[in-house]
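Shared between the two complexes below is chain A, which pairs with chain B and chain C, respectively.
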Partner chain A sequence: MAVTVWKRMWKQRAGYYFVLPHFAFYLMFFLIPVGWGVYLSFFKYDVFTQRFIGFDNFVNLFTDWLFLKALGNTFLYTFGVVPLWLGKALLVTVLLYPFRNSIKTFYKALFYLPHVTSSVIISMIWLWVFNPTYGLLNYFMRSVGLEKIAWLGNKFFAMPSLIFMQFIMGGGSTIVLLSAAMASIPEYYFEAAKLEGASSWKVFTRITVPLLKPTILYAMIMGTIANFQTFSNIYIMTQGGPEFSTITIGYLVYTTAFRDYNLGLASAMSMVMFGILAVFGFIQFKWLGSNVEY
Partner chain B sequence: MDWKTKLLIRRIISLVILSIFGLLAFIPLYWMVITAIKPATLTLQFPPELFPRNPTLQNFKDVFQRPMLFRWTFNSLFVAGAVTTLQLLLCSMAGYSLAKKKFPLGKLLFSIYIASMMIPRQVTLVPLYILVSKFSMIDTYWGLILPGVAAPFGVFLMRQFMVSIPSEIIEASRIDGASEWGTYFRIILPISKPALAVLGIFTFVGEWNNFLWPLIVTNTSKMKTLQAGLALLQEEVPMQHAFLMAGATYAAIPMIIIFFAFSRYFLKGVTVGAIK
Partner chain C sequence: MKTRKAVVLLLVLLFSVSLLMGAKMTITWWINPWRIAPPGFPSDQAPTSEDFPKWASEEFMKLHPDVNVEYVVVGNQEYAQKMAASIATRTQPDLFKGPVWDSRWAKNGFLEPIDPYLTEEELEDFYEKILDEGLIDGKRYIWPWNFGTNGMGTSMLLYTPDFEKAGVDWQKIVDEGWTMEEFVDIAQKLTWDTDGDGENDHFAISFGAKDTHNILNFLYAFGGQLTNADETQVTFNTPEAVAGLQYVLDLVNKYGVAPKGVEALGVYDVIGNFHAHNTSIGFGGPYEIGRITRYLKEGRISEQFYPVIAPFPHVDGKDPVAYTSGSGFVIFKQQDQAKRDMVFEFVKFLTSFDNLALLETLNYLTASKAVNATLYQNDPYMNEQVATFGRIMGEYGMPFFGSQEFPWSQMDKFFISALEATFAGSKTPQQALDGFVVEGNRVLKQMQ
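Moving on, here comes the complex of A and B:
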């Protein structure tokens, strides 16, 4: 038995030769760090000490108000941004569907454009747009007769402002994704429904959404993973403030590790993050997971 | 109203809604460029000028005077170029193996690659930092480049594309006496050009825009990439809006050009893995 496996491996050795060069990098700079991260999360690891402490990091985390605050903020941010993105993307995709290809491509490119601009640049722009004294947004507020608002300087407005910014700039890749999925649905599904007198809303809820379900699921999981790790906008725009109202786990991991040099605790945080994302992925899969055939 | 008029009205309403959403995403980018070409003093004026009356290139001159700016640009180009080149070569090889070679553990390996794409970056951040410092690669090009080469997405993308290459072509080439390497080089790579283009563009743009890792792995100003450099400028002179927007415009323009030159690859690349 064992011999035949070795024989097969030897016979198919070209397969290993081709995969090995990338795998070597992947092992060294990805898999080992993941395993090491798990290991580190059970250690007190800072400049002075490197000592095994079991589950203490995790126990400390869940009694630490700042971590819980960051966790809450990250949930708020993710569950603010992802549904807004999906709603926007679905609306845009459905509205765009009947137009001819040149118009479709134009709008898809327009919506995708912010995705090739780095998050650092987008954050710098919005820091300027949100500027309380000279910013563009307060100019609009004044033009419609409202008061200026300290968008990022007020603990009640800061997080909604960040969500708003992400809503405005994001969703482009989901639009491209959903458009491609919708183009692959046979057209006679829509025609048949229309002939039988279904309203647009009925067509949308009974045909479009169910058939797009696998793609919506994919976009939802990817959007959740991406937004749950949000870092650059916090780093550039608010540094977690004011009064920790915008501190997220992605940012707290960074400050814990690279400002406080508390590497074990930061690893434990990242593990909690990973665990939560795994649970999300599982729930979303269960909830929307039934496959659709057409 | 006949149905044609109704349809026309519907179309117009659709276009208006689409344009509102599109403009909202576009206005901030417009605002970046407009601020960058305004005289610096005019940014501290309320209400702001929406269309600059006296455009100037002075802010760009100021940015270019910044000692390290071209060094940062070079670093970004070099790191993104190196990661992209290595990824194209290694991921296409690995993708070919996982798509077309049947060997023990191959399926398991592919599952590991897929599963690992779900892992948030923060998980590897700390261990990678310790690892890279043990190798004395902090603040070096090695430290900037090697972790980027290890990313699993490219292998997944290449494998998904190569699965659809008919195996008969590969067998025919082998029967004609081509070596394994020759088959990969002369048959597989040319067929895979569209996938290579998608991977190359996504990797290059992704690395150019990458911020978190360069922020952590570089200490000195001369090793920073453009993104980390911009963040530094933002911290140093937060009130010089025109100057900052000129820097941002300078760093954004190469990617916007790449996007318009290769937009069909971008729009195609997004769907890899999501739609059969």
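Moving on, here comes the complex of A and C:
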């Protein structure tokens, strides 16, 4: 049996040669680090000493209020941003659809621009927008007679402010993806629906959305993964504050590893994050995955 | 035939050169951004963080042609991360100067004690406070370089035109200090409505919850203590500490002399407010005066101005307090005696009389008493500010974050959270500091 397998592999060796360079990099820069992370999560590892402690790191995590808070915040942030992103992307895609290509391209580029801008720069700009004393947002608040708000200083406003920022700045790549997917939907589907007297809403809900489902699924999974790991905006704008109201797992992993030098615990946190994302991916594929044929 | 010979010759040459190169001893060092102007640097330009380490490395290599010196400028934000990764992978530099220090490095045998290389003269000349910064189990691990930090938590900066406009004698404050009551009175005079819309938009001072040094000063000034004497308990929730925090809160909410939104601000917001003349009182020492000049050269501000250094306010009948620390070069363990000697030779080169004096270009005080006596001779304004700064640190200086053993870095996030809660109004100063003490003691317990 084994001989047959080896024979078959040998016959198909050209294919393996093609895959080999990619697999080597994948092994070196992904599988080994992940494996090392799994290994470290069972140790008390503080850079200086390494001691096997079994599942203690995981037990400590789930009894640590700060980790649970970070977990809750990460869910809040992800489930705040991803639906808004998708909603915005769908709306913009549908609104752009009837226009000629040059206009579509212009707007797609416009929405995509933040995607190619450093998240650090974006965060710096929004720090000024949210500045409680001299910020743009509070300037508008005052000009319409409202009280100033410490957007990033108030524990009730900080997370919604970050979600709002991410909603405004994000979603560009999803718009490009959805536009491409929508362009591939045969035109006669829409024409037939119109001839049958379907309203715009009906066309959107019964034709556009179902046919875009695979792309929406992809965007949802990628958006969930990206936002679940959010770090740079938290690091630059709030450092997890005020009162830990914006602390996320990504930021907590960073501070635990590189400020507290507790790499074992940080690895355990990463493993929990990895597990949650894997479950998300599975659920999303299971519930939303379907083949679409035009 | 000729070509073959030439190729063989070239290969031999390359081999010889590589052998020679291989024979060179390599010293690697890391430094965080210190914008020191090396000798001969154009005075109309702002030095970058690369200029000094590049110059120092090259100069040392000229003195020691058999040594190759490689430097890396590591940003303050990523320093801890890079250092942790390098220690974990055992790829740490030979020596470094950075914003990070962990006593566990020394305790785990990663560092070279500097004592065998310190001469009697150096021991006499370096400030004791700085020598003791790296004192672990009776051995010293930090080779002194600078005295004091940027001055956050140490002293205040007064924008004198505003004081004169408000009819306040700033010279008296510089010379004699000010009580907490006098501070409130003066701060009220320095708060006004510039654009006439009925709302104050110019304030005496500003605070940031993430700018712990300056707020900590008030907690200590009222008599608060971070820990008990043997550092086994965090005690920053005593009535004195609470009174200090309440005072700062009152400056914002009760007296309105500092802008609201402290919970959302950090140190650079506070600095920005001072640079933009939105506030009349800033924080810091000579380095922060240098920042004004640097920002002007970099085009980040449009006007040069000359604030004066003054002490923080004090409780009537008590002295003010000032955060004092020093820092220097840390040498990682060397296996080879010759290399160890050369690394220390390089450290001594970096901290030689002339090279220490280069800190003047950054408006920093040095770790050497002899060098400090020669600084700013041609600049009466800076000479006066440095003298005031030195006096404040000398008379009122104290550490803010416990001893080298104390795990402040693991509990500062809880302190910041306490400040955020206080200024956001979600907790009283007492509740906020109680919460910090609980978390601080939890960290201490974990460490034990």
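Simple rule for what comes next: the second predicted complex is superposed on the first by the 266 of 294 C-alpha atoms of A that agree within 3 Å, B and C clash if a C-alpha of one lies under 4 Å from a C-alpha of the other, contacts with A are read in each partner's own complex, and residues count from 1 in each chain.
FYI, contacts are C-beta pairs under 8 Å (C-beta built on N, C-alpha and C of every residue); 3 or more make two chains touch, one makes a residue touch a chain.
No experiment lies behind these values; they were computed from the predicted model shown.
*Asks:* Evaluate whether chain B and chain C can sit on chain A together after superposition, giving fit or clash.
*Replies:* They clash: once the shared chain is superposed, the two partners overlap in space.
*Asks:* Who touches more of chain A, chain B or chain C?
*Replies:* Tallying touched residues of chain A, the top partner is B.
*Asks:* After superposition on the shared chain, which partner residues are touched by A:Pro132: those of chain B (first), chain C (second), both, or neither?
*Replies:* So A:Pro132 only meets chain C here.
*Asks:* Looking at the overlay, does A:Pro242 come into contact with chain B only (first), chain C only (second), both, or neither?
*Replies:* A:Pro242 sits against chain C, while chain B stays out of touch.
*Asks:* For A:Gly15, select first, second, both or neither according to whether it touches chain B, chain C, the two together, or no partner.
*Replies:* first
*Asks:* After lining up the shared chain so the two structures overlap, which partner does A:Phe258 touch, if you call chain B first and chain C second: first, second, both or neither?
*Replies:* In the superposed model, A:Phe258 contacts both chain B and chain C.
*Asks:* In the overlaid three-chain picture, which partner chain does A:Lys286 touch, first (chain B) or second (chain C), both, or neither?
*Replies:* Neither: A:Lys286 stays clear of chain B and chain C.
*Asks:* Could you say whether A:Ala150 touches chain B, chain C, both of them, or neither, answering first, second, both or neither?
*Replies:* second
*Asks:* Considering only the stretches 23-31, 95-103, 131-139 or 185-193 of chain B, report the one that runs into chain C.
*Replies:* 131-139
*Asks:* So which positions on chain A get touched by both chain B and chain C?
*Replies:* Shared contact residues on chain A: 131, 133-134, 254, 257-258, 263.
*Asks:* If you look only at chain C, which of its residues touch chain A in the complex?
*Replies:* On the chain C side, the touching residues are 80-81, 84, 87-88, 102, 104-105, 108, 110, 206, 209-210, 259-265, 269, 273, 278, 409-410, 413, 416-417, 420-421, 423-424, 426.
*Asks:* Which of the residues in chain A end up touching chain C in this complex?
*Replies:* Residues 46-49, 130-134, 148, 150-155, 239-244, 254-255, 257-261, 263 of chain A touch chain C in their complex.
*Asks:* How about chain B: which of its residues touch chain A in the complex?
*Replies:* 11, 14, 17-18, 21-22, 24-29, 31-32, 35, 43-48, 89-91, 93-94, 96-98, 101-104, 106, 109, 112-113, 116, 118-131, 146-147, 149-152, 155, 180, 184, 205, 208-212, 215-216, 227, 230-231, 234, 241, 244-245, 248, 251-252, 255-256, 258-260, 263, 266-267, 270-271, 273-275
*Asks:* Taking the complex as given, what residues does chain A use to touch chain B?
*Replies:* Of all residues in chain A, those touching chain B are 5, 8-9, 12-19, 21-23, 25-26, 28-34, 36-37, 40, 88, 91-92, 95-96, 98-99, 105, 107-114, 116-122, 124-129, 131, 133-134, 136, 139, 142-143, 168-169, 172-173, 176-177, 180-181, 184, 215, 218-219, 221, 225, 228-229, 231-232, 235-236, 249-250, 253-254, 257-258, 263, 266-267, 269-271, 273-274, 277-278, 281.
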